[in-house]
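Chain IDs A, B, C, D and E follow the sequence of writing; residue 1 opens each chain.
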Amino acid sequence: MSRRSQWKQVANGMLGDVSKARSVEERENVPEKACGFCKNFSENAYASDGRGYCRKLKVGSDIKVTPPVYVMEGQASLTVLFNSDGAGCEYFNRQDLIDTDGNEVNDPSYRRVQRQMEKAIK
Amino acid sequence: MKCTECSHEAGVSSFRYLYNARIDAPITLRQCPQCQAWLAVDEMAGEARQRVDAGEAPWGKSAGIEGLAEDAR
Amino acid sequence: MSTCAECRSFFLREDEPGQGDCVRRVVDPRQAFYQSKPVREDNDASGCESFQKK
Amino acid sequence: MVAEPAQDQSVQELEDKQEWWWVAEKKRSKRLDYLRKSVWKKGALGGNYAPGIKLDLECATLFTDMWKFWKYDPIMMRRAKAIAHVLDNKTIFITDHSQLVGYFGSLPNTIMWRVDGASMVNEEAYNEPGIMPEPENESLQKVAELNDYWAGQTAVDKVARILDPEDAVKFLSGAIGWGAPSSAYGYSGKDYEYLFAGRRGFEDIIEEINAAVENAEDKTVGVPGPEILDIYDRLQNWDAMILVLEAGIRHARRYARLARTMAENMETDEKRREELLKIAETCERVPARAPRNLQESLQYDHFIQIFARTEAHEGAWPARPDYYHGPYYDKDVNVDKTLTKEEALDLVGEFMIRAYEVGGFAPRWAREGLQGITGTWVWTLGGVNKDGSDACNDLTVAFLQAARLVRVSNPTFGFRWHPKVKDEVLRECFECIRHGLGYPSMRNDPLLIQNAMHWHGHPLEEARTWVHQACMSPCPTTKHGVQPMRMASATANCAKMVEYALHNGYDHVVGMQMGPETGDAAKFHDFEELFQAWVKQMEWLTSLLVRTVNLGRYKDPEFFGRPFLSGMSERSVESGLDVVSPVGDRGNCWVTAFTWVENIDSLAAVKKLVFDDKKYTMEQLLSALKANWDGYEEMRLDFVNNAPKWGNDDDYVDDIMLRCLRETARHSRVMKCPSGNSWPILPENVSGNIHYASIVGALPNGRRCGDALYDGGISPGPGLDKKGPSAVLKSCGKIDHVSDGRAFLLNQRLSPTQLAGEKGYQLWKAYIRTWADLGLDHVQFNMVSDETLRAAQKDPEKYSEVIVRVAGYSAHFVDISRKTQDNIIQRTVQGI
Amino acid sequence: MGNACLITEIQRFAINDGPGFRTNVFLKGCPLKCAWCHNPETIDAKAQIYWKKRLCVQCGACMEACPTEAIQPPIDPVLAQSEGVDYYKIDLARCNHSMQCAAVCPYGALEITGKLLTVKEILDEVESDLPFYKNSGGGMTLSGGEPTAHPDFAEKLLAGAKARGLHTCLDTNGYCSWEVLEKLLAYTDIVLFDLKHTDPEKHKQWTGVDNALIMKNLARLTQTGVEIWVRIPVVPGFNDSIEDHKAAVEFLNGLPGKIRRVDLLPYHNWCQDKYGWLGLDWPLGRVEAMEPSLLEIPKEFYEMSGLKTTIGGSGFEEAN
């Protein structure tokens, strides 16, 4: 894969899907095993709208298909959303959420997108 | 390391690291993963010294460095 | 049907026929102010909560 | 709500206790008191908006409706029509007791939403709890619809699509840079020389445009040829400018109408009725025609700011109010005597409050990096005239006095100090600092003028018109000097340079290969190898950001378009080009260097303890860093305490600072902006040191991932400047503030008790003279005691008005996150 | 002798010890034992060890390193730090000042005070604040301890400073032979002269020495024409009564020559940590610091008698 096409794939994960039209339901829905509840989720420092990285899986992985595709080696991380469904991912590792009020400043390993999280923890 | 509040025991690094009271002192603030209390930790000894008051400010989550490491100048 | 022209908050514009300003006093938790919004005189005001007959 | 002061205490008692916020409350007029307390604070508390602040859906909807309707128009025209629609139809308001009007949202408590800027930001708006107007469900539905419509066609979406995908991913990781590469979120300078010095109103500008159009049309109906082809586009742009300027005039007249309606139908108080009629008269005059008095002049300026912000989310507020409004103050107060000093002070105070009120929705990274404020409204005071004579006037003094009465955290002032500043003016500056405002920051005028000439080739007379374009960087307010679009995205998280040099370009926090592979640091034999790796990372990081910004600027007229700002620019009125087009712009770019000094202290620590003393090996150091220093505390303290630190007048580490700066300056001249000019660096932080605390990994200066970074610019690490303020200034003075970079931020905390009374002023004055002699370009002060700050942490209600200097701006102490508060307290108090 | 001396601190940006911004050089060793001394580490002429108990975690590394077994065995750190405890890390009677303990302490809890520095080393550091002196009329202040206790070194240092064009202040208690003082005057622009008490008994009781020599030296000094700032540390129970001030005013106005000004320095106890670090008990430390405003009335009293007087001795009182 050329350098450009490889990075293009990551860029699409960051920009393409997220920017496409989504309904209120799609935005609000938080699956039981959402990626955002996983210890491996790292929220993007640039956007606090729920997009982030998986710290385990690299680009090329796909946890939506069965069986999931896991790519562990590579230059760039897999981009996922807070409310991507991680049910099928064998690396899902739930963590206790703290600092759920969003007042504290950035800590990407712990900060999660506010609205969905507040709904989910209630 | 042992939490002074709930006695949860685990390695220092499994206590969530918050920040240093002062960069030039061995006291840091960490959070107990079990009871979420904020602890002043002696990094040299790997021991939790005391619970740290999180303050009353509504956004004052990472509070409580008052008096810690005050003579570490 | 009641129209904006019949409301106490309506002030007809001299320079634009049929146009007016809806001017109301508002007191929010911090400050008091007058607000203005352009409306047409024949605007349907039946759904307007602030409607007050002249 | 502001807590009540102790009513039984006299001003003198409060002054003795240095409770300046209560002093201000007692001293200011009833009008200012009302206006100051009634204003809605738009800056976020730490990360979240204050209760009651709502997203402005009205303007976003109006804008989108018209944008959809005119979908076949060229972008400038389409935007102009959408803006005009907003200005003609949004709700406007006049607050009780106010004399100046204009807000860019529809109600006092709303934050404007730049819906066409970036779909990422739009998604954040959707996700932000608490800011949806009631009923929430309906608002959410509305926001979702707007987001769906704008997804993929906002300005930043368009730029991101054409960026190199590797650059895009790395930039958007948030690890290395900040800001957005579009004038949708820029800092626009204003051509004040054209507007104010030129005494032009919008009608005058429209006339000039019409003349230009006539001239151009002669060609488009004349001899065919390639040279006339781009005139067709320019004609569209000119039309767009006129359209939006006319909308501005109409918008002001809506206020005039409202004020008259209030005066004639509602107001019973005779005095207030007169004021309302004065407002009406003012808004009938400006912006259509040039102002005739102080109120008109201030109102004109405010309208310009509001319209520019209706067009784009401007993150800064470059202004030089004493210089441009001074003649009107002089005329009204000193010559015609139509205003008393007190009345003028009310206007000036309200002018600041109206700016304080302005705030748009900002994404979380921006709120975290600019805690407590909505943008860097740094207004420029003092300085020199074009002929080099002292430009300070009575209005300079009035602004400094008004600042102490209204005590807002935004705008703040940067004062252009020069040797000819009169003692009475300098005393006013000092009073502001002594009252704990944290501003004005002091800027070294002769030096910065020289700097502007050195880096960007501004001619002397133009360089002398400079204003702060954001927190720090000077920019002329002239036809070719003014920079219409400075993008924050050339803001580098510099600590990553040394982090990547140590980890072969790999980012352990983000989990990506970010920088170039500069070699396994464990195998470095000497300091030179490490330093060369650092140089490569520095070049890579700054180049990536500059590429992004350059492309954003180049494509902005195509992707965004600024008809209003173009109408404010002599260059655009003359040429018919979008003002953001680099053509005819001399260039005034800079790379903001966040978290810079970490590089210096880290490199010095490695040099000393690994390569010179050989106390540790590189392997040991890398293991400790990988473990985030966990289990290596003794070694960590060694790296903190036994390695030389910047700011102690120690050549060992100061020389490393100079080497790093000079390598960067060399690279600055290689990188070019779209106008072909250089990209010098400018170390400063705002509160990015907190935002980046968890994004920068462990470093050899002894910090762990999670610790606040240093407070920025060239300020030494908090508590690490052990030799006192003179050593700090000496270290900083080794930097060539002309050729090593664009400007250098320095924070100092001074002890309030030492600066009490006349002797305090004398001490400060001697300090400032020395600061200037040593050739520094900037210094700003925090002068609030630890005790007060600690008390404010415990009892925020009671201390809600305490202001502190963060970095490059001031904020109310209670509005910033606890981590930032602690970081400020830890800054060494100097001068005890 | 005289080329190097033990220095406890070179304090830059000092603003209360002579005009303008100054660099204070603190020499170690003083013949007086003032009960209120604010710099107890400067009394002893030898290098000493600070033990900062709040930094000490009782790891025991110092005990292993000490060649004379002068280190107390570790106890519970909480106990060691508790109020009123008499535990002190070093058995001062056995300590031979090998400084091994300070060298090995990983916590920085043991620290040496007193560093041997040469005239050149000191002046190089002092000179680095030249731009500050230039803008404020500042310079070097030689302090202590007692500079006149090191006559040769003090002379070389002051002479060296003058040779480099620096303004100099000599901060002295006046307890030395006239010859020493005279020798130093040649290189001194301003003498900061401590006046503690006019009563010989009380003086002896609180400082350990008689004041006759001091008062004689001050009188003689006023005849030389050198600029003199008399500094009175006002200590509760010692010299803060109106009678004490009256006596001081009388004495000062009875001097054969003029003094430039009087600085009333309110007593404070901020230095009590240092006593603790040295293992010394400091009875006066329990006396609360004096509010500077309490000296407003005495100040007026001095001024009414024609003496220009300040509280706190700021170097910027007379700046322009």
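Definition applied: a contact is a pair of C-beta atoms (placed from the backbone, for glycine too) under 8 Å apart; a residue touches a chain by one contact, two chains touch by 3 or more.
Chains and their UniProt names: C = Benzylsuccinate synthase; D = Formate C-acetyltransferase; E = Pyruvate formate lyase activating enzyme.
None of the values given here were measured: they were computed from a predicted structure.
Looking at chain B and chain E, the chains in contact with each of them are D.
The chains touching chain A as well as chain B are D. Once CA atoms are averaged chain by chain and compared with the all-protein CA average, the nearest chain turns out to be D.
The chain pair with more C-beta contacts between its two chains, of D-E and B-D, is B-D.
Using mean Cα coordinates as chain centres, the one most removed from chain D is E. Taking the mean of C-alpha positions as each chain's centre, the chain lying farthest from the centre of chain A is E. Chain A and chain C, compared by their mean Cα positions, are separated by 48 Å.
Chain B and chain D have centres, each the mean of its CA atoms, that are 35 Å apart. With centres defined as mean CA coordinates, chain E is found 63 Å away from chain A.
Per-chain Cα centroids separate chain A from chain D by 32 Å. Listed for chain A are residues 103-104, each touching two or more other chains.
Along chain C, no residue makes contact with two or more other chains.
Multi-chain contact residues, meaning those touching two or more other chains, occur in chain B at positions 26, 44, 58-59, 61-62.
The touching residues of chain D, when paired with chain B in their complex, are 45-48, 627-631, 633-634, 636-637, 640-641, 693, 701-708, 717-720, 722, 790, 793-796, 814, 817-819, 822, 825-826. Taken together, the chain E residues at the contact with chain B in this complex read 52, 54-55, 57, 59, 106-108, 273.
Interface residues of chain D facing chain A in the complex, by the touch rule stated above, are 45-48, 119-120, 123-124, 126-129, 140-141, 144, 147-148, 151-152, 157, 160-161, 164-166, 168-169, 172-175, 363-365, 368, 371, 509-513, 687, 690-695, 706, 817-820.
Looking at the complex, you find that chain B touches chain D at residues 12-13, 17-20, 22-24, 26, 28, 43-44, 46, 55-63, 65-66, 73. Residue ranges of chain A in contact with chain D, taken from their complex: 3-4, 7-8, 10-11, 14-15, 18-24, 27, 42, 44-51, 53, 55, 75-77, 101-109, 113-116, 118.
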